[in-house]
Amino acid sequence: MEFALQKLPVIVLLIPMFSFLVLAFFGNKIPRGGDWLATTLLFINLAFSGLILFAFGTAGRYEMNVEWMDLGGAIPGAAKFLAGFQIDALTAVMLVVVNAISAFVHLYSVKYMEGDAKYKKYFSYLGLFTFSMLGLVLTNSILLMYVFWELVGLSSYLLIGFWYENKAPQEAAKKAFIVNRIGDAGFLLGILIIFLTIGTFTFTDIFAGVEAGKLAGGTLTAAGILLFCGAVGKSAQFPLHVWLPDAMEGPTPVSALIHAATMVAAGVYLVARIFVMLSADALTVVTFIGVITAFISATIALTQNDIKKVLAYSTISQLGYMIMAIGVGAYSYGFFHLVTHAFFKACLFLTAGSVIVGMHHIQDIREMGGLRKKMPITFYTFLMATLAISGVPLTSGFLSKDAILASTLAFAGVNGGITIIVPILAFGVAGLTAFYMFRLLIITFLGEPKNQEKFDHCHESPAQMTIPLIILAVLSFFAFFSLNPFSADSGWFLNMVSMPESILAGTKGAIYHILPLEEFKEHLHHAHNTAMILSLAISGIGILTAFVFYYWKKVNVDKLTDSIKPLYNFSLNKWYFDELYDKTAVAFTMGISRLSAWVDNKIVDGIVNGAATVTRGFSKYTGLFDNIFVDGLVNLTGGIVGAFGLLFRKFQTGKIQTYIAFLVFGILILYFVFRVF
Amino acid sequence: MLEQTLNSLSGFLPETVLIVSMVVCIILDLILRKKSAVVSVAGIIGIAVSGYFAWLQLGVKSILFSGMVVVDPYSVFFKLLIGLSTIFVIIFAMFSKEMKESTHKNEYVYLMTAMTLGAYLMASSVNMLMMYLSLETVSLSSYILAGYTKKIKRSSESAMKYIIYGAASSGIMIYGISLLYGFTGTLNIYETSIFLSRLNPASEPVLIISLIMILAGFGYKISSVPFHFWTPDVYEGAPIPVTAFLAVTSSAAGFSVLIRFITNSFLAGNLVQNGQYVVIPGVNWKEIMIVLSIASMILGNFVAVWQSSVKRMLAYSSIAQGGYIMLGLTVANQQGVAAMLIYLMAYLFMNLGAFFVLILIANKLDTDELIGMKGLGYKAPVICVGMGVFMFALSGVPTTAGFVGKFYLFTALIESKLVWLAIVGLMNAVVSLFFYIKVLKYMFLMKPEEGNTQKLTFGAGAYIVMFALVIPTMVFGIYFTPLVRIAEYSISMFGFR
Amino acid sequence: MPYTTILFYALALIIVVSAVMVVFNKNVVHSAFSLFFTLFAISGIYVLLKADFIALTQIMVYVGGILILLIFGVMMTTKVTNVELKTKNLNTIPSLVFSIGIVTVIIFIIFSTKWNIRMGLDSEETVTQIGIMLLSKYLLPFEIASIVLLVALIGSAMFARRIKD
Amino acid sequence: MIEFKLLGIGVLSWMVFLPVLGMIVLLLMPKSAEKYLKYITVGFTSVLVLLAIVMMTIYDPSKAGINSLAGFQFVEKLNWIDIPAYLWDGRIKIEYFLGVDGISFPMVLLTALISFIGAIASFSVKRNEKGYYTMYLFLVSGMMGVFVALDFFLFFVFWEIMLLPMYFLIGIWGGERREYAAIKFFLYTFFGSAFILVVMIGLYFSSKDPETGLHTFNMLTLMDPRTLPADSLFGMLNETWRLLAFVSLFIGFAIKVPAFPFHTWLPDAHVEAPTAISVILAGVLLKMGTYGMLRISWSIFPDGAKYFMVPIAIIAAINIIYGALCAMAQKDFKKLIAYSSISHMGYVMLGMASLTAIGISGAVFQMFNHGTITAVLFLSVGVIYDRAHTRGLNDFGGLANKMPKYFAVLIVAFFASIGLPGLSAFISETFIFIGGFTNHFIRVVAIISMLGIILNAAYILWTIQRLFFGTLPEKWNGLTDISARELISTVPLLVIVVVLGIFPSYMLDLMKSSVNLLVNFIWGIN
Amino acid sequence: MEIGLTHYLVLGAVLFGLGLFAMISRRNAILVLMGIELILNAANINLVAFSRYNGLGVDGQVVSIFVIILAVAEAAIALGIVLNLYNNFATVDIDEANTMKD
């Protein structure tokens, strides 16, 4: 049994790969393009991963290695590359989350993607994605993690650009890949630094090396931040968050799976993974990046009118939350939020999907309204998820969010000073979240229908779509994580995923800004109640304002927006990030490339052609240039040869007596030259 | 005195045979009174026989006719080289259409025999008068041959230019000889060198001016800058076999006499210490050679690039090739001279080959312009492949004899630390690739014009002759031990102490 | 002032003047005739140099041979009827420069070089010596000269022969 | 010592001269057999592949080679030219000396493979097939010779010989500006080899074989410091001259690589050459430059390699970034690929400049990978060009639905060439970067050149978008999907790419010991 | 003063120069040939003068005889060629015969 269990992760990893290969190569042979196969396989996988969770979740970690490459006694040191997987709480949980959501999305897609031209391709891509995501989660080597990291990027690229016939998806896919690539470059750099200093890729050895002080001080911080760059790219953190909203061009289930629940969480997972080796400064960076992201995207989400865009920005904002949480040292809370968020955000996206289907591919919420009557199940699941994300009590969202807010308070309390900005922004974001989520809910489902004829044709989605919705909605109840509706600390989850001892604790390092840990816990304990009350109040206010604005229409929203037009536009246009990047980075690169191409044609080849151009004028009137040109004399030698050749040819006048004159002249010259010697 | 002369006669057998065969040819010509191969064959046989006798002289080292000429491996080598090339040239002449169409019968045979005689004497003479005389012998007959097709304007013009230029330079040469004679009081090069080595190091201007004036005479034979001006025009005007003769045989002869004169008369008591020549102080002919060779290479190559007529292009190319060969003198050691001999051997095959292919083409197309050769590679593949081999050989691509020659020249340069000169030479080789490959470009890369794509056919004889030149070019490129051995053996000149 | 001196200068004067005439005279025939004077005077110089045989050869070969040849050439190549004998010079300036340059160089060298002067025996006629020389030491050149002349014969015949066709 | 003879002739001789045999067979073919020529060529090249596979089974990876004759395998050693001194010290001793070690063996495999693929890809050639296939086989034998020759003179001969067929192959069967491209290629390389020749001769006369006390062209002997007496031209103490020699060798090889600023021949040559020849050119020829550096410059002038590693690394970085930028600006598919291979060869040079085992094994591995990947890319260019007769990227779009198989093939190749993990190039590039990092002299350069990763992704993705995405223009409705023959020529390469991506050890084990020995030799560690 | 070697040499030099000048500047082929003769005579004067003043016996004179012989041969051939030129170009102005040049 034990033995089988230890092999199980490999099986779990390979099953999606199998489904990918089968669908990719034999998709045409199998009826229905093998969707049923993929889906069933995924559910089996889910079962397996559940098994793993029970087996290893509490039983500590298990690790296994095989030798991948060996360069012999290479300089420096002996370069051996191991490949292997490890299982601990993080991994086990992630396995379940990924498999669960992937399975539900498979099920959901069966109807959602029905009748699409590239139906079976779609499922094979899903398989590829799931495989690489699981690999990313499972591996114990940071290099292999990078490998799967890139593969995830690839499948995300393929899925975003799934409808590549249209311009927008192409652009979105390209953008996503390249922006991620930028982050990944940093990631790779970090990996290389680690390899150089510690000489290994496996996490355990790396941590051991750090503990032994092989990698310390500024280098450690640099390494940490560089690795974090990867997370910034994948988890769409500021300033690389621009790709995620565009990624919504992909099919909605894909958005749910990749761009809400799992892939974007990979960054958070990475940070959690390397948490123990992050130095104080690194953590500070992480914290601030997180909170800034959370705030910016929240403000943007306020004004968006595309249902998926709103959700996308809320995703970014929530991811910012998680990152921030880990930054402030609320490791387990951050990860907890990852899990809860995965479920309710997936739920939100899928409901959005069913709305879109219902509205026949209308995504602009201003066209919707009053859908509650038409599609009740969708509405109630959506409501559930919205409550969760807004942190209303009795929801999983409340548990995680509240804990995070509390720890931000504690963080500020321990460090004081400027760090107070963190909780302030965090709470602000909580309020904003509540507001825009309910704005979305109200405009979409309540009120009067705006677009009557669409409304008339609207209908509830079929069971294959609603069942996942219901399950996911149910999963965002508090009960699944903790019996105590107001604190998850006693819940099974946090017992399982507890904050690891920073390996730098002894060495005045890592999370010193929440050290001594007791003090931090102390603050946390006090902060808890304040946090709960504050957050309840703020989200309440948010929700209330939403109703005031959009349901009871007590305030004329348009007038309000007019009065703060600049701000409104600023938010509506996403802080002009895209424009900024287009104007700067992209323009710069393209400019450079055009320039260098020009240089290559004109200058470099020109240096080579140089003398040719010099002699061109010379050759023109001799009327020989074309001839020479044709003869491929166009390069440096050519030019000089041409020039001198022409010069010398002048001597060959065809008049014999001139020759004799030259002969005599030559004799004289030679004589004088050698008299001088 | 008399018996000495008689002894000399025995050593003079090759030349005697030549004279006899010349007379025989004249008589045959008078008897036959028409164009016929008989005379040519007779001439070829005569030259072959003389070559055979020369071969018998291998290893002999003796001085003949009271210090006029010597027999030594060096001269034997050149006699064989010259004889072989002349035989080829006469065969070419038999193939050449313009020679057939000329208004003469077989004069060219015995004129060429006379030239061969002169060249033999150039290779073996150690007396300045003898040098002058033999040089004039070659020159006079080549003047005539240059104007051989006298009804053709270009030919007569080239003859005129050639004789005037030649007369001028030989006049200057004899004037220089007279000055040198007046200064040293002897015409024998060994005595000259002994006299000079007894001189105090202070350089005498008279030595330099006379050296340069004498070089004007030799330099115009090997067409080295600045004595080269006649070359392009004469090459272009003269019938192709004659051009081939001028390019290969007479320049080989020129080199033979040049090397012997320089290395024997301007050495300190013509001493050779472990292969290195001991140059007399004051007359820095090494530098002169460097200047001449660089000038020749650069001018030859750079102007050849512009030529549209293959013949004229080959003229410039042979100026450049002369420059390469002269590099061997700049190092003033036996290795350099050996390299020159190796190069000359390679040069014989590849250059003659190029001219032969040109003859065949000109016979069919009546032109030597590049334009006319468009797409010829598809009309006459074998011939053009042969041309390709010769062109690559001339530009010094490996596995051809040309590469071996260049390799040894640059080897000599680099070993005596003249790396910069080697690089100059190599860069010139790169440039030369331009125009050599231009021919192939026209032959293969360009399509023949519409209409005339019918295959050209040549007799078996043509192919035999061509392969007789292609095969050595290739074989000696891959296995060049024989070349080197011969050269090494032949650099031993008479009178080196 | 010994008579040889006067004689030398007289001859030198004739030589140079007539040579200048040869070079600068517009009329070809006149040049030919002034060349005659030059050559003749040169033979005089040979006499001064006690080279009687050379002097004789000079007169016979040059004056009697080459000069006549040249004058024939003039006659054959220029229609005497409509007198086209005038020819003008070309690129005079460079040729002047070069010739004067080389002459000055040579003269400078002549004066700067220390020739080893060893006067030979004076009163002695050279014909016998030359004869011996030609058949002993210079036998080979002598023979080769005959070949050269043969070649010249063939050549000139070849060119001069009327082309019948 | 491992040997493998057929009919008493060593296998390497077979590898080198079998194509020549093929040439002769082709030339003897009558006019009527025109249509079988291609199959004959494929036959001969496939025999090469078989031999290569057999060699692989025999090959012993534990043997190192580099500077020890014992470490070389399949060695053949005969006297070719041997002239005892006569009057002057003119002894020239040239050996026919073949052998492979961990550095050359991957290249031999690559050559055999690519030649075979190229032969299949040549079927589209219609004009004057006899000439074409003759030249093609000639080219193959020349390339093979370069990789197996261990005598400098022999190496040089093969190096030069290989130019001639290339000139004609580009010049006769190429595109519109073929004459220009051909002569440009020829002259550039000829120019470079002039420098190599000078150094070769100089080395020869500096050398003094410790055993025989004679000059030698034997590369192995030349690596031995005792062979170059201190007083000689390139003697160990003669610092300046050695560095000069290294530089001129570098120029000679860099032109072939091609390294900035000697690269301008490459785009022209690639664009004009027929598909199969571009494949050979990018697949094998470019490697000859880097191989020559490793085999000669790095081994015989290790001091030079150490002295110049920073400049070389900088040149490499320029190659990487500059090549990528130029590629980004191209509108011609083939030209884009050409520039991309300039960029990728930059990686190779970076790895070699790092002078670390990991970097150099990355470099050698990258040579192999680039060979396979670029081959596929050029083949794909050929595929589309044969159908559409244009290579303008902007003329296309929406091919993904029209030619799904083609899309599949090309997307794998593309992602391989941007170094996507799981595909072979990723491993090699990572190694190269690790190498660059390890050598702290060039660390900064390595970091800068990581920009290349992003740029590669950028232009490749843009190309994918322009080719496959969007809607299909009306005029391309007639396009047919990739044919079986084209699949045969591409898929095996892709399989290799994937397999080596997952199990790189198959290749790394071949070179491991040699690379380690080389690095130890360079740093003087024993 | 006594006439010495140098006088003769100078005379020779002057003749040499005049000959060169004639060769370079006169357009008429015949005159160019005359120039050649002048040059050869200059050489002869040198030779003879040397044989007189260097006490070398008659070697110089013998050489000068050969020079004369060659002069004759040359003149003969040259004349033939010039006539041929005249037949082809109907002129003896040699600068008009320049069909071949770069």
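By written order: A, B, C, D and E. Residues from 1 in each chain.
One rule holds for everything that comes next: a residue touches a chain if its C-beta (ideal position, glycine included) is under 8 Å from a C-beta of that chain, and two chains touch if they have at least 3 such contacts.
Just so we're clear, the structure is a prediction, and the values are computed from it rather than from any experiment.
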item: Labels of chains that are neighbours to subunit D and to subunit E; value: A, B
item: Chain separated most widely from subunit E, comparing mean CA positions; value: A
item: More contacts between chains, B-D or A-C; value: B-D
item: Central chain (by mean CA position); value: D
item: Distance between chain centroids, defined by C-alpha means - subunit B, subunit E (Å); value: 26
item: Inter-centroid spacing, subunit D versus subunit C (mean Cα positions, whole Å); value: 71
item: Mean-CA-position distance for subunit E and subunit A (Å); value: 96
item: Euclidean distance of C-alpha centroids - subunit A vs subunit B, Å; value: 78
item: Residues of subunit C whose C-beta touches two or more other chains; value: 90-91, 94-95, 98-99, 102, 105-106, 115-116, 137-138, 141, 145, 148, 151-152, 155, 158-159
item: Junction residues of subunit B - those touching two or more other chains; value: 129, 133, 136, 140, 143-144, 147, 150-151, 160-161, 164, 168, 172, 179, 182, 185, 205, 209, 232-233, 303, 306, 427, 430, 434, 441
item: Set of subunit E residues in contact with two or more other chains; value: 9, 16, 19-20, 23-25, 27, 29, 32-33, 49-50, 54, 56, 59, 66, 70, 73-74, 77, 81-82, 84, 94-95, 98-102
item: Pairwise chain contacts under the document criterion; value: A-B, A-C, A-D, A-E, B-C, B-D, B-E, C-E
item: Subunit B partner contacts - residues on subunit E that touch it in the complex; value: 9, 12, 16, 19-20, 23, 29, 32-33, 36, 39-40, 42-43, 46-47, 49-50, 54, 56, 59-60, 63, 66-67, 70, 73-74, 77-78, 81-82, 84-85, 87-89, 94, 97-102
item: Subunit E residues within the subunit A interface of the complex; value: 20, 23-25, 27, 32, 94-95, 98-102
item: Contact footprint of subunit A on subunit B as seen in their complex; value: 160-161, 164-165, 168-169, 172, 205, 208-209, 212-213, 216, 225-227, 229-230, 232-233, 284, 287-288, 291, 298-299, 301-306, 308, 427, 430-431, 434, 438, 441
item: Subunit A-facing residues of subunit C, complex; value: 90-91, 94-95, 98-99, 101-102, 105
item: Subunit C-touching residues of subunit A, taken from the complex the two chains share; value: 657-658, 661, 664-665, 667-668, 671
